[in-house]
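What follows is a group of structures, each given as structure tokens.
Paired with chain B in one complex and with chain C in the other, chain A is shared by the two complexes that follow.
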Partner chain A sequence: MTIEKLKPYLPWITLVVLVLLVGAINPSFFNPTALLQLVADIVPLFIMALGMTFAIYIGGIDLSMQQVANLVTVVATVYLAQFGVFVALICIGAGFVIGAVSGWITTRQFVPSFVATLAMGFIALSGARFLSGERALSMNAEARDASFGWMFGNTAGVPHELVIAGVLLAIAWFLQSRTTFGRALKAVGAGELAAVASGLNVDRIKIMAFALSGTFAAIAGLMFSVKLSGGDANLANGFLILAIVAVLVGGTPLTGGVGGVINTLVGTLIVVVIRSAMVYLEVDATMQQMIFGIILIIAIAMTIDRSKMRIVK
Partner chain B sequence: MATTETTKTIGSGFPIGRETLVKWAPLLVLIVLCAFFALMEPRFLSTRNFARILIAASPTLMVAIGVTFVIIMGSIDLSMEGAVSVCAVAFAFCFLWLGGTLASWAWLALPIAMLVGAAVGFVNGLIHVKLKIPSFMASLAMGFVGTGLALMMTGGDRIRIEDELFRSLLTERILNFPLMVYVAGIFLLIAWFIQTRTTLGRNFYAVGGGEDLAVASGLNVNRVRIMGFTLAGVFFSVGALLAVGRLGIAETATGNNFMFLSITAVVVGGTALWGGIGGVWNTLVGVLIVFVIGNGMVVIGLPGYVQDGVLGILVILAVILSTDRKSISFVK
Partner chain C sequence: MYQLNQVDKKFPGVHALKAVDFEIGRGEIVGLVGENGAGKSTLMKVIYGAYQADGGSITIDGKTVRFQNPRQAMDHGIGMVFQEQSLITNLTVMENIFLGFEQQFVRWGVIDWKAMAEAARHQLRKVKLDIDPATITSKLSFAQRQLVELAKVLTLEERIDGDLVILLDEPTSVLAKEEVELLFSLVRELTSRASFIFVSHRMDEVLELSDRIYVMKDGAVVDVVAHDDAKVDAIQHKMVGRDVDKEYYREQKQQPYDSDKTLVRFDSVSVAGKYKDISFDLHPGEVLCLVGTEGSGREAILRTVFGLEKPTSGTVEVKGSSFSRANAQEGVARGVGYVPRERKVEGIVNGMNVYENMTLSQMGNYASKGILRIGEEKALAKKWIERLAIKTPDVYKDCGGLSGGNQQKVVLAKWRSGGSDIILLDHPTRGLDIGAKEDVYDMIREMCDDGAGIVLVADTLEEAIGLSHTILVLKDGEFQKRFDGSPGDKPSLYDLVHHMI
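What follows is the complex of A and B.
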């Protein structure tokens, strides 16, 4: 068995090994209730990583997700009293539009996706700062519970966040694996020129991929906002690196084409386990970002498909 | 950033060539902006206000010049936020440890900070070239590591630098402009010298203009790339020193906002993301555009958050305008 054959299973192996290691250090890690809560806490990050998967799957990247989520926390908080549960539609619509515009700028205007999404992120930030009046806002607790109380809570010991995450994962998986759109995504990720030559409307597929990543960023922002019961132009900061790490550690390479949403599930779980390991090992909170940065570099180096890049710029 | 280039098509229908237009457009934009703000609010034109713009712009100018070299090579460096934070914090620790005033051995902290910057850039270049990771991602990850490192060193605290001699960067004025503006000017000239009068500078353009050709003519492209990133790191550290001199504080947040401002400045100044075009004077114009917009908006009374949005739109427009659409089939 060579390393190349082993590669698709590496994320799974990493996850199992990590879980066993952390469990060996701290047996209370396997306490089911605590474990469920641990996973439930990371659901907004998982949703963001799901969206990021689409952008990376086609070989692009979406650096605006964090700012889209920030904007959504503000939008949700400001308009909750007025629109109730329908504020979710506004939020998701905003994410979809911002993502679609990023995609349009990338595909039709030939602006590399990291610049286009970076810039769109700052436009979103501008909107968030305007709407919030540069203050940290908080939700009316009653209105929140009436509209979004269902997001958090337990049914038969299962936190509702996990159900939401499961549903979104199922939708994303269905889109990716059981639709022509999903096939087209894979074709674009595997080789854009070949996809064009075979008559696919590549531009539309890429725009849709970015729109999806924007949509998922918005859902993540909405959940985050409800969870913390407020909105702020900086609330979701720090999520971007973790989302990218989750996707790449899961085995979807920066060059796109392979991997997918199930990989991102594994990647997110790896991130959770590493995080809780750092807590058990009493790694200083200030060191965590550095460690994730290094993990990111290692993950990219291990997954990237160098045969696709004649010149690495 | 994977781009595929087909043959360059030459010539276009405009009476003024597209290249001439792209070359002079940034300067025109700057002049128009200045005229606009001056019309809206005459106080914009005062020396005091210009000094304010230049003080705010100096650290970003240094960072933007650093990334200019990398962009000329057709790569990109997004590590500036982390690099600036690490350099600022490393400088502050060394400075205080060695005596806390420039009049003592603590001046050694200045070259040490620059070495730290060079080291960050060197590692950046190594990761990019040796592990064959696209530079935007390699440097973005390094930036996260840098911010994390700065956070670890400070534990989230602010470090104050109160040495009067060092703070004279801001407090001492010659002809109404503080010393840091002149320091930035000197480093701008050094960058210009590197760009036009050294082999390294010409090699940056060779790599950016066409990597295949550069390789075919025997250039060690990997070495040029690593040196480019290292040089960028040195300029990031100068930016960090000026930023610390301006505020008198070194902290993890010292590097905040540098990434978007400097990339915007470089691109708006007319240096193409595809490499091979532009240079440090473009970057000077770009930085001035960014800070004139920021300052002018405050002067005419617009709230600060409008600036982020305007810069976001500006950077997209600048990339669109500087892209020769006939020569590109797709971008990632």
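What follows is the complex of A and C.
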């Protein structure tokens, strides 16, 4: 068995090895309730990583997700009292539009997606600051529970966040594997020129991919905001790098076309295990980002398809 | 002085150079001619070190040498003047001339620009170009850049001991008549400093300039002619070589086309900078072949039919109406299928399996409300795998892992199964082995029998003649001549070459 053949299974192997390692160091890691809670806690991150998967799957990237989530926490907090549960529609709509605009800038203005989304991210951040008056806002607890109380709770011992994550994963998986749109995403990621020569509307597909990543960012932001019962232009900071790491260590390379949302599930779990391991091992909080930065570089270097990269700038 | 002995070069599926003997003496100008794909570029790449020969040897003054890369070849005095000019346009002339060799002008860690300019002027004098070496290269004319490129290669003279061999690859293709003459007189003068290998499509120029001419065909040198014995006719006959085998191109299966109906109509269509004033009709059952050298506008015409290129004037009608917007979606919707030359890049999606590739252009036919009916896709793939005898273990095989011929069959199945009846074939047999080529020829005949019209840009002239009902010869984007290609009444290779170059 060669390393190339092993490559698709590498994320799974990594996950199992890491779990066993962490379990060996700290047997209480396997406590079911604690484990379930650990996983439930990272649902917003997982949702963001799911959205990121679409952007990376087509060979792009969405650096605006964290800022879109920040904006959404503020929007949700500010307008909750006024619109109740329908504030969710506003949030999701905002995410969709910001993502679609990034996609439009990328495909029609030929601005690489990392710059386009970075710029859109700053615009979203600025909007969040303006709307929040640069203060940390908090939600009215009653209104929150009335509209979004269902998001957090337990049914038969299963946290609701996990159910939401499962439903979103199922939708994303269905989109990716069973629809013409998902097939088109794969074609664009794996061979954009062939997709063009087959008559696919590649621009529209790309715009939709970024709109989806924006939408998922908004959902992540909304959950985060409800969970912490407030909004703030910096609330989701630190999530972007984790989402990118989750997608890449899951096995969806920056060059696109391979991997997908199931890989991102594995990748997110890897990130969680690493993070909890660092807590057990008492790695200083300030060091954690550094470690994820290093993991990110290693993950990119290991997964990238060099035959698609003639020039790296 | 510089010699290739029995040099051999193989690529997967292609024997690009077959035991080639080649030599060039001091101060000699040697011409190199051959059709597209005859092995000229491969031979040149072996000479200047971009490729390494698989067999045979290279000797300079009797000593065997081996180049791992062009830099090593340069160290032995072999330089290349590129057809696609290799100058970096936003650098100055002198920076280009000494690119990679700036160290000689460095004093205390910085470049002594005055010294470099002086040295550059010295080089420019060799090619009689009177310009300021500090000029930004993009400001120069094409002819001037060509000379700068030559001057750059001539810096070898100072840098190495021994003789120079300079390759000129299509140096005249973008030059005006007077500029060509200037270049030629310059090259003749420079034979006191170097030997030249001259490659060109323009036969008359090769004859005029060269002391000896190597004629290549199918990877082998078929003749070496001295300047005084060279005749255009004789060389052209040698270039195209053997007689066409009728069986091979399925001529017996060629049926007359239906001239009552028109699939594609070109009415004096031009695309600025690519081709101008082209008119033709494509009928059901017809193979229409566009013949010309590289850059004659063949590919651009295909792309116009598909919708990837927008005509600047004239009208293109596909099945009776013209495109409102130039894009591939519209072409596909009208039943146009495009089999591109870059099979691995534009033909198949490397990383998607057989059925995914086959339905890529027609996913709507295999989906309800955007949800794919994957079972039907697989059934389609199985049917076409059987029909075209595609060698794949199953429908789940990644198309990137199939052989070239099977990839091409998948691409053809994609269009045929989707009901496309205007098929554009750009070098459909490039890089395929003989068996796979014959399969493609069979498929072309079958498609014609089904009433499809085909626009073909063939890999070789024989192929063009053997397969087509109609041949249009193009040169520099302009229509030259139309030939009828009914079985038994086909034009000869010589007829075509005559109008191509």
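Quick note on the criterion: the second predicted complex is superposed on the first by the 313 of 313 C-alpha atoms of A that agree within 3 Å, B and C clash if a C-alpha of one lies under 4 Å from a C-alpha of the other, contacts with A are read in each partner's own complex, and residues count from 1 in each chain.
Just so it is clear, a residue touches a chain if its C-beta (ideal position, glycine included) is under 8 Å from a C-beta of that chain, and two chains touch if they have at least 3 such contacts.
These figures come from a predicted structure and were not determined experimentally.
K.L.:
After aligning the two structures on chain A, examine chain B and chain C and state clash or fit.
P.N.:
After superposition on chain A, chain B vs chain C: fit, no clash.
K.L.:
Under the stated touch criterion, which partner chain does A:184 make contact with: chain B (first), chain C (second), both, or neither?
P.N.:
A:184: touches chain C, not chain B.
K.L.:
Looking at A:135 after the superposition, I want to know if it touches chain B, chain C, both of them or none. Which is it: first, second, both, neither?
P.N.:
A:135 sits against neither chain B nor chain C.
K.L.:
One more residue to check, A:241. First (chain B), second (chain C), both or neither?
P.N.:
first
K.L.:
With the two complexes superposed on chain A, say which partner A:193 touches: chain B (first), chain C (second), both, or neither.
P.N.:
both
K.L.:
Name the contact category of A:120: first (chain B only), second (chain C only), both, or neither.
P.N.:
Only chain B; A:120 stays clear of chain C.
K.L.:
Between the C-alpha centres of chain B and chain C, what angle is opened at the C-alpha centre of chain A, expressed to the nearest 10°?
P.N.:
In the superposed model, the angle at chain A is 70 degrees.
K.L.:
Which chain makes contact with more of the residues of chain A, chain B or else chain C?
P.N.:
Of chain B and chain C, B contacts more residues of chain A.
K.L.:
Just the number, please: smallest Cα separation between chain B and chain C in the overlaid arrangement, in Å.
P.N.:
5
K.L.:
Of all the chain A residues, which ones make contact with chain B and with chain C?
P.N.:
193, 196
K.L.:
Show me the residue ranges of chain A that touch chain B in the complex, using the header's touch definition.
P.N.:
59-61, 105-107, 109-116, 118-123, 125-127, 129-130, 134, 192-193, 196, 202, 241, 254, 284, 286-294, 296-297, 300-301, 304, 306, 308-309, 311-313
K.L.:
For chain C, which residues count as touching chain A in their complex?
P.N.:
306, 308, 328-329, 331-333, 338, 340, 342, 345-352, 356, 360-361, 363-364, 367, 370-372, 374, 414
K.L.:
Quick one: in the complex, what on chain A touches chain C?
P.N.:
For chain A paired with chain C, touching residues are 178-181, 183-184, 186-187, 189-191, 193-201, 257-258.
K.L.:
For a test of understanding, state which residues of chain B touch chain A in their complex under the given definition.
P.N.:
1-4, 74-76, 78, 82, 127-129, 131-138, 141-149, 151-152, 155-156, 211-212, 259-260, 263-264, 267, 273, 275, 303-313, 315-316, 319-320, 323, 325, 328-332
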